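Consider the two complexes below, in which chain A is the common component and chain B and chain C are the respective partners.
Entry: the complex of A and B
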């Protein structure tokens, strides 16, 4: 009952899939409420590998081929699945993970590709689409939540401009709380010159004026403003979530001493506290020169972070309701250039999905023996997004109303990949 | 003027080359895990592959009628070069082997790998003589480091090793004692803001004929670490005082992958970014006397007896340069 009460009536009725609830039986409503409650308990952590991580040095190694590079493949705890030797720790988590090896997204430009992999579709001149985080925040967030719905870390400066945090037509309510230079959100703290008592009194005065204004009025704008202010105390209290120093030393060491490691630890703290979507961006993977040295650094770090995150989530009982995604804007060329680098490549590349709603130990799609083309099961951005939504229990065909135009969560024809869904 | 007079184009990347004096042939290590016996000046050129490694072959020496190779699979192989078969394979390092150097009397060789250890091997027996451990396994920013380069002094009494963060260690090769450490920090670029990772490292080392100086090659500080776009760099050190004598910064970009001290007193360095380069350093005037582009990145080279002709292991080709 507690769970059901925590869903606001307004939000429940606003949910498209439940729009006909009034026509349902009491039992049907209870079932839908339960399903909605379960759905809202789900979370996403997106590890955004900005700049383009190499599929050949991560999820789709080609040892012994001219394009394979110097790293070998290693077996994982799922028989028949091999990944790069740079990921020995991750090799112990394949029972929770699906690998997609046949992304073909056709865009090898950082800007366009990054937008595509954030939006799940191409831009349209007349529509500002919401990104994945904003949709998840809209679908899984709670109006009475005391924590942010969408938090995004992007500390490196390279590529930050093209790594979207865009709520589009969903409105500012679903914009990311974006952390770039600071690790703890700025302006969360009460101003030193205002006492706690004054701060509370100001809030009460604002509430009183707001209630008086709202009396007898129907205004979504005013309602939004009041809702935003109602979230202030919770957001102010959430400051401590962003500080990993309160974690035991052993936990901080598990994630590693790097910035990416510590930010991912904060991501776990946030999802545990109820934040539905956290993006941790790790830039910059654009290894046109010295690809193997770069990936030795960055994949080793990713391996430790993924291992720590999946272990930690599992031990806390959170993995079955938290979807962990590793994704870039594209992969890297099979051909090794004269600087021992790999260039941009969107023709066939890989990503991973772990945890919530995912059929662990599955591999979907196949690249050819040198990794030049998709050999089986091409996957586009829309299909990947539909799969992510389905894993979270969100109907990818659900439509938002943009004026008179219905806008589905994914473009028509983008069907989920059932083979990787639990 | 340096000029490429012949190229043998291949699809492999060649990382190392050694010259066998008696038979006028060369051995090169390649990205397909093979060691190739090459006679580049024959028509048609001879190019025979020898299988044994499972990883890029990155070090090779010819010692007392034997060929010894080192690879990213962590192993050293002693070859019967006539039969093209391995005689002995030794698991030498837990990680990639980045370099191999031969002592002047050819009785021992030294390998360096990403396990950050230098190991000294008896070239006759293949037995390990000594381990030299003195390079940190992690960079100051907590990422894996790499041990790129090794060189042995002309008298065989000392050897030098160098790593990713620019640390150069000078060792007593007999006792294994660490004699001195030098920090060539300019050759390591850590980008804390734009891209949050690193590039660079000391990639080549060379003692002076009298053993009193050491040359270190690499690349200067890099703005955009996505590319090898730092200026090529060679630093000249006085080993007795442990001081930098002069830093030579080239106009051409990329890594100085190999250095040799020419009998006439100047120094030849080769390397590259996407393309390759040959540079001649005039130590007396502390200037780069010549710098020429070549078609492809040069990973290693050897010279003929007169040091008038060079045989280079390049990306996708073997080149003869005069």
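Entry: the complex of A and C
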């Protein structure tokens, strides 16, 4: 039932009045733009804080307020911006970072909210939307790429079911290479029974007999099959990217010897090698009880990892073309419950964007004094996604055609937040 | 939220809308071919006329062996064995194709494959709860209208709700989705857009159409996992302008269905109903059937003569797409007046023929695969390839997961044991073994793309290496090792995997490959077999 085509082709078919040349020209321009976006080698690392990180213990502290909790706010290297004292290292990177403090996404259920923040819109019964990673893989990945387009780490079991990648109507070509228990993706390693030379040679034999067969035939699906096999050697060679042990000890220590730290280091290795989208998930932030102990531990870890990642990307000259996002499915209630916990809260919460295309040192939106409501500039999931696309030079209004139905990258009406864009 | 996007569409839609509105029912009488023609003859006449008009001669018919493979994949869900291929190739019987089609249509393999096809189509999954029903219904060759009725209303005597009603039961948690699924699958129209606003592109479909269709289902509810239906309740929805509106029962054609008005139950009656349902839940029993069922009204309305063409055209179009590679109307869920068929008279003729012959899908399938149009070669060697919708040349189709899995399972094994009298049992055992591989592959939608998950898996997974590309006792590779020379080994492999002899250039390529591995021939054979089984030829129906 699904059908993805260039929208200009659909319009051409629908009206039947456009000349072929006109339709092709539109399509050509689209392709040129897409090629341009790909040429710039832009990338995304999403740090997914599964379970719901507290905005009050990270990007939007409320010290001294009844809702503020025990932690203080600290100044950062950008005058006027304060963040939680749990993030002392991050406070040195605000010149590359925009904070959004006014997310209002309305869904306080882990499952639905997680889908929402992965898809940038609500699930619809009749359409399987691609998630952020799949769209980025399609828009920024190259068909001849020798590395994966989309890699996703999710080692914990909590919340994993609703956070796995979904390529939706874009099809299996844009599925995440997904790592759960394992640290290296399945089927990347050559079996011992075949030598490296024979492995390559049989792939070439496969291509050669397929090519003979395809003479006089035409099929884009067969073309995709050829590409899928031609990518095999490159994907296998990317196995080493998943091994952080080849990094110097000082680098591994910079990221911290935690799973999250080491996976983020791998994420940096992957983007450096050309992978357009990597998601690293850290669970489980769902602090209904003991919110402050939980956040002391998890935010401190996040602080180290973010500091390491931004420093590392900067030193390698990658930060200008790598967008680093921290995001959860929702935030946490300003009210502190009887178990000293904070509950699910989607009414006003925060996320951060650093690097590529972002106006550093900016803060968008405001929560009210106690953090109960948005005081200024409410932001929905669609707007956040439009902002992310824009930061990467991707037109968020671009449409995929699903049968006769046009599906824009973000729902109509979702405009990017210009104030945080460079 | 009138966005740029929607406005863009309205502009597009304006250009076409005027012309559309008239065309609804089958086109002007007299335009259709003779009802007495065979299905194949009607197809070839209509396709041929368009081709002549466009100035394209059709491609020649595919070779016998090509056609055997195509028909076997479509009717039995697997490639032929080497022996079946040789025998068919050698046979001089003038009507061997017809005999093959007739034999396959009566075979258990046809039933098994048709169940896979329908299950994928209706449930989008390989292990749904509808399979038991489908196995029974397809084996009996139940008519499509009866199957429709059974899936929507249920079968009499199915108190456990374990049969056809699984179609509805599995969707009962989401009536919007149920409404759209029924519209797409049985009537070929995707009205999901019209849920929130009148369809921006398609004049035929308004919010009333969506909610009119939803009205047939909105009295349905789930109770303890069972489907129930109330006898009261009206559906109201909000228009884009924010007004509340009731549609009542309305079919996709726009036809309103009158009903006698029912009063809403009193508080007391509601309480009683609730208590009764709670009781039934505890007893794990389904709610009693409604004495007046709106679902039943839908079936009735959908099948009555003035509307039946929607229902018939939708399944004809789907079947055509499956067997030919592209719907007469494409995409297949866009059967509306703004998206005309490539061959409107043919679609209408096939729909009428289906209705006249009691919605017999087996007959329709047999008719299509008997046509010359179906049998065209997929090769087009001269410069300008005609557009796909002219059907001058066959379209390559990716195999369904089960088709590829079954074909791999047959290709991987020694053909010799299949020369025995109990070959069919052995084939069945191998197909059974192959079923385990189906999960590896994605169900192809339109514009399907093979992902690197598949290529990595077949390249490097231990299980694939062991179970499909091994060299043990009953494998193809083991048999190749006993061949007299490299050339005959390559030839035997080609018969087993491709069901045809090798061309000289291919033989040269393969023998050269093997010669370079003379010091480690079993490995050379394994690699050759791997290359053949992962090739484009093995992955597609061509």
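Worth pointing out:
Criterion: the second predicted complex is superposed on the first by the 381 of 422 C-alpha atoms of A that agree within 3 Å, B and C clash if a C-alpha of one lies under 4 Å from a C-alpha of the other, contacts with A are read in each partner's own complex, and residues count from 1 in each chain.
Note that a contact is a pair of C-beta atoms (placed from the backbone, for glycine too) under 8 Å apart; a residue touches a chain by one contact, two chains touch by 3 or more.
Quick caveat: nothing in here was measured; it's all calculated off a predicted structure.
Taken together in the superposed arrangement on chain A, chain B and chain C fit without clashing.
In the superposed model, A:336 makes contact with chain B only, not with chain C.
Of the two partner chains placed by superposition, A:104 touches none, neither chain B nor chain C. In the overlay built on the shared chain, the residue A:193 is in contact with chain C alone; chain B does not reach it. After overlaying the two complexes on the shared chain, residue contacts for A:314 are found with neither chain B nor chain C. When both complexes are overlaid on chain A, the residue A:259 reaches chain B alone and has no touch with chain C. Within the superposed three-chain arrangement, the count of touched residues of chain A is higher for C, of the candidates chain B and chain C. When the shared chain is aligned, chain B comes close enough to touch A:294, but chain C does not. Nearest C-alpha atoms belonging to chain B and chain C sit 26 Å apart in the superposition, given in whole angstrom.
By the touch criterion given at the top, residues 51, 64, 66, 70, 72, 155-158, 256-260, 282-284, 286-290, 293-294, 296-298, 300-301, 336-341 of chain A touch chain B in their complex. Partner chain A is touched in their complex by these residues of chain B: 11-13, 31-33, 54-56, 72, 96, 141-144, 146, 164, 193-199, 226-229, 254, 272-275, 296-297, 315-316. Chain contact summary for the complex, chain C toward chain A: residues 1, 3-6, 9, 12-13, 15-16, 174, 176-177, 180-181, 184, 190, 192-193, 201-202, 331-334, 338-339, 378-381, 385, 395-396, 398, 442, 444-457, 459-462, 465, 503, 505-506, 509-510, 513, 517, 523, 527-528, 530-532, 534-537, 539-540, 542. Of all residues in chain A, those touching chain C in their complex are 1-5, 11, 14-17, 124-127, 148, 169, 171-175, 177, 186-191, 193-194, 198-199, 201-203, 205-206, 208-210, 212-222, 224-229, 231-232, 235-236, 397, 399, 403-406, 408, 412-413.
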